[in-house]
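To start, the structure under review is shown below, and the notes come after it.
By letter and in written order, the chains are A, B and C; residue numbering begins at 1 in each of them.
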Amino acid sequence: MKNIPISAMIGLAFTALYFIIALLAPLLAPYGMAEVVGDVWEPSSSQFWLGTDNIGRDLLSRMIYGGRTTIFIATVATILSFVTGSILGFLAAVLGGWADQVMSRMVDLIMSIPTLIFALVVLAMVPVTIPVLILVMGLLDSTRVYRLARAVAVDIAVMDYVEAARLRGEGQAWVIFREILPNALSPLVAELGLRFIFMVLFVSTLSFLGLGVQPPLADWGGIVKENKDGIVYGIGAALYPAVAIATLAISVNLVADWVLNRTTSLKGGRG
Amino acid sequence: MHPIIKLVSQRLALGFLLLFGASALIFGLTEALPGDAAQAVLGQAATPEALANLREEMGLNRPALTRYFEWLGGIVQGDLGQSLTNKLDIAESIGSRLGNTLFLAFWAAVVSVPLAIFLGLLAVRYRNRWPDKLISAVTLTTISIPEFLIGYVLVYFVAVKLGLFSPLAMINDSMSFWQKLNSIALPVIVLTLVVLAHMMRMTRAAILNVMQSAYVETAELKGLSNFQVIYRHAFPNAVAPIVNVVMLNLAYLVVGVVVVEVVFVYPGMGQYLVDHVTKRDVPVVLACGVIFAAIYIGLNMIADIVAILANPRLRHPK
Amino acid sequence: MTEALLKVRDLKIGATVYPPGEKPHDIEIVHGVSFDLAPGKVLGLIGESGAGKSTIGLASMAYGRGGVEITGGEVWVNGRDILKTSHGDIRKLRGGEVTYVSQSAAASFNPAKKIMDQVVEAAVEQKKFSRKEAEGRARELFAKLGLPDPDNIGERYPHQVSGGQLQRCMTALALCPEPDLVVFDEPTTALDVTTQIDVLMAIKEAIADTGVAALYITHDLAVVAQVSDDIMVLRMGNTVEYGNTDQIINNPQEEYTKALVSVRSIEHEEKKPTPEAVLSVDGITARYKGLNFDVLHNVNVELHPGQTLAVVGESGSGKSTLARVITGLLPPRDGEITFAGRKLSGDLKGRTREDLRELQMIYQMADVAMNPRQTVGTIIGRPLEFYFNMRGAEKRKRIIELLDEIELGEKFMDRYPAELSGGQKQRVCIARSLAAKPKMIICDEVTSALDPLVADGILKLLLDLQKIEDVAYLFITHDLATVRAISDSIAVMYQGRVVRYGPKSQVLSPPFDDYTDLLLSSVPEMHLGWLEEVVAHRKMESAGN
């Protein structure tokens, strides 16, 4: 662990910071999430570090609670997307034949419709709750994980060492868990970071459109929606989430880059 | 048959198959999910009798397959049905809005495509030096912010603080061409920033891939000038991947339009779609969904066909 | 002595490396090399991979590939130091005075342009000839290099001609501008032996006819001995020995050169066939799924216990397919395989664990034959666990025994494949197959990816192990020198058929069939004048027919 480059170190530190804030939100937030504590759009002061929002709630508290919601939804959706996508992807690669064909063509079809449009169509018909959001986001995104997992596993499955294991007479379980999985893990972990960022952007966009997290619950996209009218009057309350989302996304990106580089190093150099 | 004609027609057939599949998938979703149009009109509190009556009236009791083919047949003839909420003809409502959306997307493409290619070339020319790193850092940042936030950041700093351009992108038929352009300036900039990063990164990778090939080395070892190497040897091979990149990003742009229209209250398809998703107006959502999917599938298909046409191995078979 | 055309003095070349997880840093890859080349002469640069020979070749065009940079010394071409000359002058040098022929013509031709456009480009650009003159010259060169239809071949696209033809087109490209010097960088390495000999002869004649000087870069000393006047032996960026070809081949001074000259001279006395065979392949016919033709036609061979059967042929001969059929990866359409007295199922699924244990396989690319996430100990230990249920100390003891047998030792037990050299990796693969205590091992081109000296070591090891473990080898290779070194019997394959089969002494003695004759005579031999002898022999034969 001593060989971590500075960029990855910064990325790790910020990512950890965001997750800690999300976990400890009730302890860290100075006011309640939906508590009206001041006037509309008060400027920042020692009392309200970031000022107040469109109905006089403390913006810093909203941001902290909002981060909690956004990160929670994005994390669970990412896990869902990953578990579904990679299990199906590995299965398709190992089974091959018609099972692979059916799954892959289905994924092609789903991916032929832009994700946001697909999500909007679904959300037009079902009540928007957090479990529904997670389900829709996770399943739609699992198509991308499926493609990656399948491609990685297919590449590994044709390696001579996998053939050697089959010639030895090893069972399917050994081949998947001992030969393929350890080698597929690193590219998948790097992708995990990118998928997480995508989920943060996705849930923020949906909330901004009014089809994500419903008020009074706070989330970063919703904060923008609530405060966007202030912008025309020169009140920047709606822009704080931009800073939060961008720093989180860049930090996770830096970590993902590092993981990916470490992966490639296994093929070439020593150690 | 010439292999290229065969491949292109195969790809065209696949495109239509996908289009058909996508429409079936979207329609099928409305069937599979709980709640239907009648429910949406009457709301959650509706009595079962009222629901049954309305279903009868709207023809929802007939088999799903029949209704699907009726609906699909309608789309092919330009009949998209009626909106549930305001009873207006959907095709008519969409007509001018689609035009507005394409107007916006067109200008965003006009700005972003040459800019992305230029920046991609610049990044390759100064690879691993500061211009490359700067471009890469800036694009990484724009990728990391959702498009609606880039929109508001620009509105805040450019429109409100500097007083340039209008914060809202209202356009109507009485405006002159230049007024329209001025009105859409900010959304065009936002869309440009949104697709620029992806397009520039992919262009950079495509050009680098060509520049590192052995035939470019051969050209350099012939004593050609940098310009000749790029113009004669790199360019003919880089065109196809770049066109491919551009098409894929235009497809991406079509989706980005949805959110940007909401930010700038622009009277286009995206705004229309989001409004009616909120109102749970299923026929409108279906129609918009299919149109967006069709544009997306079409652009992806063009990208693949360009790649097939540009491949010298396919163009000049053995 | 005439003024040297190319004069290299104390050439030092560095490169920037980007080891993952570490800061990029500079290393030196060529440490002060000097030589002279007179007009019209050929200098061979020879060495194993990493010797710096291609880098030196490109330095004579003031070119560094990738992050490579010339850091010191002088390179004089036609009386001026090209490392100090202007940019414009270097452009006149490249493609005008010095031209380049790369190993892979297929990659070096622009796929989007016709061959003729690319062949004449440098000559026209350097204003040496008009377009029309250059095209005429190109056609002459196409004819001289023995290309079919020399008047029209230039109108084709690179993917429309074969690999051997494209390599000749590349030579025409290099000779077209009438350069003073051509750098040949492994021009025949990617070709089959029977193709190599024609291209080699074409290059040699073209050099003689045009009076051009050449730097000929290769890893194969026997090849370079045929074309060069002088030879420089390089190793890890240093000159080992530098002298005229006769002296280097017939009277090498340095140990390393002596080893290179005597490589592939392993002697192996042929064993007599025993009454029963460990493997007999009867009438095997096979095809791949989705193809509508057979890749193996009625193949019959036998392998005797403790002996080696070499299956030899060029790419596309079906030799690797035969291995896949025997292992059960490709069930045959017809015919049967008997192994250790029992009939083997055609499909892998139908084989018993005992069948699998007794029939092991070693691959060409050792890098991808081992799971990069497992240590050497795990890799060798798995068959012990799997077949013999060995655990703990017992397993460890056996792993160490095996590591000693392959001359690596206990200290390698906890290393990962990425930490091993090419030869060491192949040794570990050998140990893994021996761990199963097999009756027979299929060796699929196991030495082809290795440098000659390392390959020799592997062959010697395999021969020693055969004596100790009494294991039979089915040895698949395209290299006849390897066949001579290791086999007891030989099967020559051509287009999916066994064209010649029998004990080594018989297969390698006349009278030959046409294909075996062609194959045998195409293997470069380590003596001067071999190329001319072969070509003369072939001309006589065709005149006689």
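Convention: a residue touches a chain if its C-beta (ideal position, glycine included) is under 8 Å from a C-beta of that chain, and two chains touch if they have at least 3 such contacts.
Protein identities per chain, from UniProt: B = Glutathione transport system permease protein GsiC.
Given the structure is predicted, the values throughout are model-derived calculations rather than measurements.
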* Asked: Given which chains touch which, is the overall layout a line, a ring, a star, complete, or other?
  -> complete
* Asked: Quick check: more C-beta contact pairs in A-B or B-C?
  -> A-B
* Centre distance in Å when subunit A and subunit C are each reduced to the mean of their C-alpha atoms -> 48
* subunit A to subunit B: how many Å between their CA centres? -> 23
* Asked: Could you state the distance in Å from the CA-based centre of subunit B to that of subunit C?
  -> 50
* subunit C partner contacts - residues on subunit A that touch it in the complex -> 3, 5, 159-161, 163-164, 166-170, 178-179, 182-183, 261-262, 264-271
* In the complex, go through subunit B and note every residue touching subunit A. => 18, 21-22, 25-26, 29-30, 33-35, 40, 140-141, 143-150, 152-153, 155-156, 160-161, 167, 251, 254-255, 258-259, 262-263, 273-274, 276-278, 280-282, 285-286, 288-289, 292-293, 296-297, 300
* To do: Under the touch definition given earlier, write down the residues of subunit A that touch subunit B in their complex.
  => 108-110, 112-118, 120-126, 197, 201, 204-205, 208-211, 221, 224, 228, 231-234, 236, 238-239, 241-242, 245-246, 249-250, 253
* **Touching residues (chain side subunit C, partner subunit B) in the complex** => 61, 63, 65, 90-96, 99-100, 102, 104, 107-113, 118, 121-122, 125-126, 156-157, 159-160, 173
* Structure fact -> In their shared complex, subunit A is touched by residues of subunit C numbered 19-22, 327-329, 348, 351, 353, 356-357, 360-361, 363, 365, 368-373, 382-383, 386, 418-419, 432, 436
